[in-house]
């Protein structure tokens, strides 16, 4: 540093926030869910999370080095990608597959576009969807319980609650279990089969609240997302309670909480305007329910969010705020 | 033989019908348009890449003829297309002397100190607008590559904090001339190799303070030439490119070495 | 009715012409730089693909098949589609110049595009009736338009991105298309 | 009767650390004449004034040394008596060079003849008030420097019903207006009455942020009986409440159309400092030759509010305030949000110099310009409802047409976006560059 | 105008020549094209009915059940009626229609199942054409089997993560088998040699 | 020598897939296996050689205005021939290539070469160009097909006889599905760009990766004009 004064454009003050700080907050917010994952799945959770995080960070460093750029791992975004990806994996997945998913997420979905900020799709989700399509058998094999079997939902089964519902509905049978307050509590606390990070809605909510408090996310996306899912499933439920479970089930089951609070809210791949966020959240909700209800997969959160990622630039365009004092006209928003 | 005949007749008939219809349509429904538009369309590469800002090559062609759009917007076409267009439209009718761009500043980081630590957008215009640019010399090259970025052929290289044009790559599009906020880039005949690489209008002492290789207005060089091939404009020696000059004397005499042979 | 709705959902989302069937990749990659351009392209594609389905079905079922000349399908289709579009182009220029200004340049561009010929051939292969064939042509073009519009939005983002030198241009566009196609896999199974 | 609370909330806004405690309790100090004054001809918005003196001339305080170069321009007066040492193009605080007249003070500080006080201004015609303001060379002292005589002579068909005195002083660090309101409330009110009379405005509002209760109380207490519909409005403390359009909305609920002037909604906004200068010019007949500047920042030994002659160099101001503590990393003319960083302290004060800020290395924030992470914070805080994220990326790609379509011209460079940007992008600089280029492109057409 | 006429003439000539050329090639290849298509079907039938010595295609029986025509390719040898093969299509596949060929013994048990065409996901649903899945149908009849996949409580083990495809095949086998079993009379008169009456 | 040059340029210097970025539809659609890639490549090569030859022979007989329609008819004829031949003699392959056989007719490489090369060069050079470009196209398809089949199916099979298997590898089904096609081609293209940039650097020239599809030589859009 020379003894010359620094000259820059105004403003000369800054809020002190930084990308790294925000990422750190997100990591902190994921800790409760991580704890829940370790509690429910034990060694497998530790194994997958550490494999994914290490692979993501290493892939980022290697890719950036190969591209002749700075290391770039200090912003911690690769750590988040790793954790999120791990959260979206079934506990029994072989480690090498988790590593492949991590490398795909970081190299193909992120660094090829230039790294943080440039990626159009959420890397963790891209990695997850890639794994789901590449290794469907491994990605849909759910391990048995390591803690006392849950009540209400068949304890021996190796399927997720959503998977059970899908199978039942597809074969034209009745709903596989009744959904009451005790099952709801199970789902809320995490006593269910599923990906390691998605099972405990309570832990995820805790993290989500922290993010809201830290202003890392706004309520718009999760609110619109969860609300739309509740309304959509509520309508289906009212129309035909024999074939559809209650909105509460749909909100608590599967990866919805994880998706709505941690993945749909990824800043890079979600809209920047408040109206856009509402549209984005609602779109995620509709697509999730569309896939859950009529699609080939029992769970639609990942696909819904990644599809909405794709139209985020269009949403941003369409929901451009009207300039203060500007006339009401859409002529420039094409 | 019948199936072969039937097939021939069917396809032949189809060909006849289609081409006949088209010929009729072309005859009776044709719309008058400037034939030059088609001519330009044919010159353009037809990539319809939209890079020029128009929807496709035909639209661009129309814009060139009707709205006098610039003819140098076609990147895929490159210099060839530009030349053909220019020839066709007579925009550079006279076979002008081939000119190349040159940056009239030699004050690289080693020779020209900074006056403050600039922290902001790496763009010459932006830097120039803040405190008049971070270079102590308020005329010198800021080195934020605004010219290099607009060069369609990558002929401008940033070395030692100043821009240098590779004359053999330059296609004389003058984009860089317009891009420099300090008007440092001039088009000069490519045959000329002796230049005064300074644009500072400041007086000698001020220049000396701001740059080790600036023109201090000592007028020594003007005395080495016989026909004002180098003359003084205020406190700055300027090469008159209209007059031939090929003498090493001014280069040797210049005390700050701002006259160079490239 | 349900049948047609499913046909449309199938052609737009599940078996998207561009993203799963790989038809019409050239305009998909080539005309996705700016949204207005892409929209013009979409208009032209919807028109031409529907028209192609409309024209080639009678050609196949009323001319070629009765004459036992079904094997002339390719050559007949391409001739008729190309001439028809050219005709429309000329007529449009004459009678509705504004529309021609908006869609005109795209018409010849996609005349002989594989999506257009593809929809005609698929209609024959899938043995669709006339109405179904036309609806399929229309739905397929909607699918193309959807993919193109989404991709254009993404493209405007990735054009500002910072890929490594070797991946600039088509390469990164292809990777993006791949990720978009990956996302569209979520619609699998929506229509059996 | 307490102050009215503003009910309307304009979009966006931020809450920076204010640091006002550094100088808020420092009463205004008169600064003695420095050894040289460098009086710029470009102290206002619009065309620079034209020097009317040359090297060697002797001048008297209040003498016109720069005559306005058109309607939207302002006269410049000699701040003291002395000799003209130099007339030359000199760098200004905002960057570009402008003519400046260097005066060697003779120490006498003799006023020019013909200063005519006018305590019974109530007898003056409107045009006379405007003329006296124009003769005083008064321009906005809040920052932009719009010539005041232009502001107070709206086109005849325009009806102005409200005058807002801007005492928000929303910029961090700055306390000059605050001190003026505490120490000169009565004179400010009288100035306000003068302007209101010139405008035929029947409503006067004084807008002050609610983090300055003392100023609110002082202005409230000083409301003159003759002021009709007059009140002090407490604004929610939020940057940039001092921005004209935002303040008009907060106080009156009226929205100035994008690209339009406050006149179009019947409002004129004057800074309290300007109002005081108007009072001085109309009542005392004295042209604008000095102003109060807050000299503050972590590197100033004795932060203060200084009444100094126009043309006092920053170096003299700093010396008057006891010099600096430790290394100075950034010198800012104005407030931290919209002020201009300086290479050194050789620049002199002008009518718009509301503050001088010297920051140490620890208080300086550096732009690193990482890629935009689309967090949308800038969109949320933009008081003009723009999308700085998109704009900065358009401008990085030098796509000025797209930037224009995204309303870059409506940016007022308040700095909220860059303040909030976690990627430390120099957003305001992008906007400035974009605005300049768009103006250039428009002029070409 | 002259230009236009030239255009029409040249294009017409070229088209005519092209047509002729195509007709010739068609003439040359049509036999092998038909043969190839025929061979494909025959091969499939051969695979599911390995022991017959007649031409099952020539001896096919058509049954009209509720408006749908089912074709049974009858297999015979010197001992008489061996069984039949039928083609069955399920539209409930994951990626589209699944067409299978099933060979049935005279006593109504499945002899072999071949997958003719499908659009199932490679590496997943596509395993329906794998030996492991197909072989579990062998020896089953309508009566002794619960015709559903294990997940639905039936006897057929579905392919992991490809229940839909497995279910579709199972249903397709059952559909044809049902008809075969329900119409014993249609086959009972088939003798060793002569064509069915 | 000239003949030789035209013959080899398509393999690397002007490779239709990796340099000109042409014929994307079949390049993505049929490259799920080496077998299909090879079939498609050979079919396209056949059409390319024949249409190049005919175009070259007719090049002085056809008036400029009907050039394109005539070329299309010629190409469509050969495509139909290939379609019929394949149906008759390579039935399985015909089935798996499906709709993409008739679609060779709209593959920009074919018309592009006819228009850009064959209509301006003598027969023997045109044939060389057809062989070279066809070989380049086939090579591109096979490389892509091999990558996708190996990663996506874990093995490579050619006509049921030659078979290599990646032992102990769990196939990534994605690679033989649609997204895998895009991603594999994108990555291969990026890799090729990288190699060429390195080669260019060694030669001291500047390399810029293809920014768009090179449809310069395809003039299909001027049909009938």
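Should a chain be cited, it is by its letter among A, B, C, D, E and F, assigned in written order, with residues numbered from 1 in that chain.
What we mean here is this: contacts are C-beta pairs under 8 Å (C-beta built on N, C-alpha and C of every residue); 3 or more make two chains touch, one makes a residue touch a chain.
Small disclaimer: the values here were computed from a predicted structure and weren't measured.
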Checklist entry - By label order, what chains touch chain A and chain B together? => result C, D, E, F
Checklist outcome for this item: Shared touching partners of chain D and chain E are A, B, C
Item to check | Chain whose mean Cα position lies farthest from chain E | outcome: D
Checklist entry - Would you say B-C or A-D is joined by more C-beta pairs in contact? => result A-D
Checklist entry - Counting in whole Å, what is the centre-to-centre distance of chain C and chain E, each centre being its mean C-alpha position? => result 33
Next on the checklist: Centroid from C-alpha atoms only, then distance chain A to chain F, rounded to Å. What do you get?
Outcome noted: 41
Item to check | Whole-Å gap separating chain A and chain E, where each centre is the average of the chain's CA atoms | outcome: 45
Checklist outcome for this item: When centres are defined as mean Cα positions, the distance from chain B to chain E in whole Å is 69
Checklist outcome for this item: Residue ranges of chain F touching at least 2 other chains are 66, 69, 73, 76-77, 80, 84, 171, 173-174, 177, 179, 183, 187, 190, 211-213, 215, 221, 224
Checklist entry - Hey, what residues on chain D touch two or more of the other chains? => result 340-344, 366-367, 371, 396, 426, 429, 432
Checklist outcome for this item: Two or more other chains are touched by the chain A residues 4-9, 108, 112, 114-115, 118, 130, 133, 136, 296
Item to check | Full enumeration of touching chain pairs | outcome: A-B, A-C, A-D, A-E, A-F, B-C, B-D, B-E, B-F, C-D, C-E, C-F, E-F
Item to check | Residues of chain E defined as touching chain F within the complex | outcome: 3, 6-7, 10-11, 14-15, 18, 21-22, 25-26, 29-33, 35-37, 39-40, 117, 121-124
Next on the checklist: Can you tell me which positions in chain B touch chain F when the two form their complex?
Outcome noted: 15, 18-19, 22, 45-49, 51, 75-76, 154
Checklist entry - Of all residues in chain C, which touch chain B in the complex? => result 30-31, 33-34, 36-37, 40, 63, 67-69, 72, 75-76, 79-80, 82-83, 86-87, 90-91, 93-94, 97, 104-106, 109
Checklist outcome for this item: Per the touch rule, the chain C residues reaching chain F in their complex are 19-26, 29-30, 71-75, 78-79, 82-83, 86, 108-109, 111-114, 117-118, 121-122, 125, 164-175, 177-179, 181-182, 185
Checklist outcome for this item: Interface with chain B, chain D side, in the complex: residues 91, 95-97, 340-344, 366-367, 369, 396, 398, 426, 429-430, 432-433, 436-437
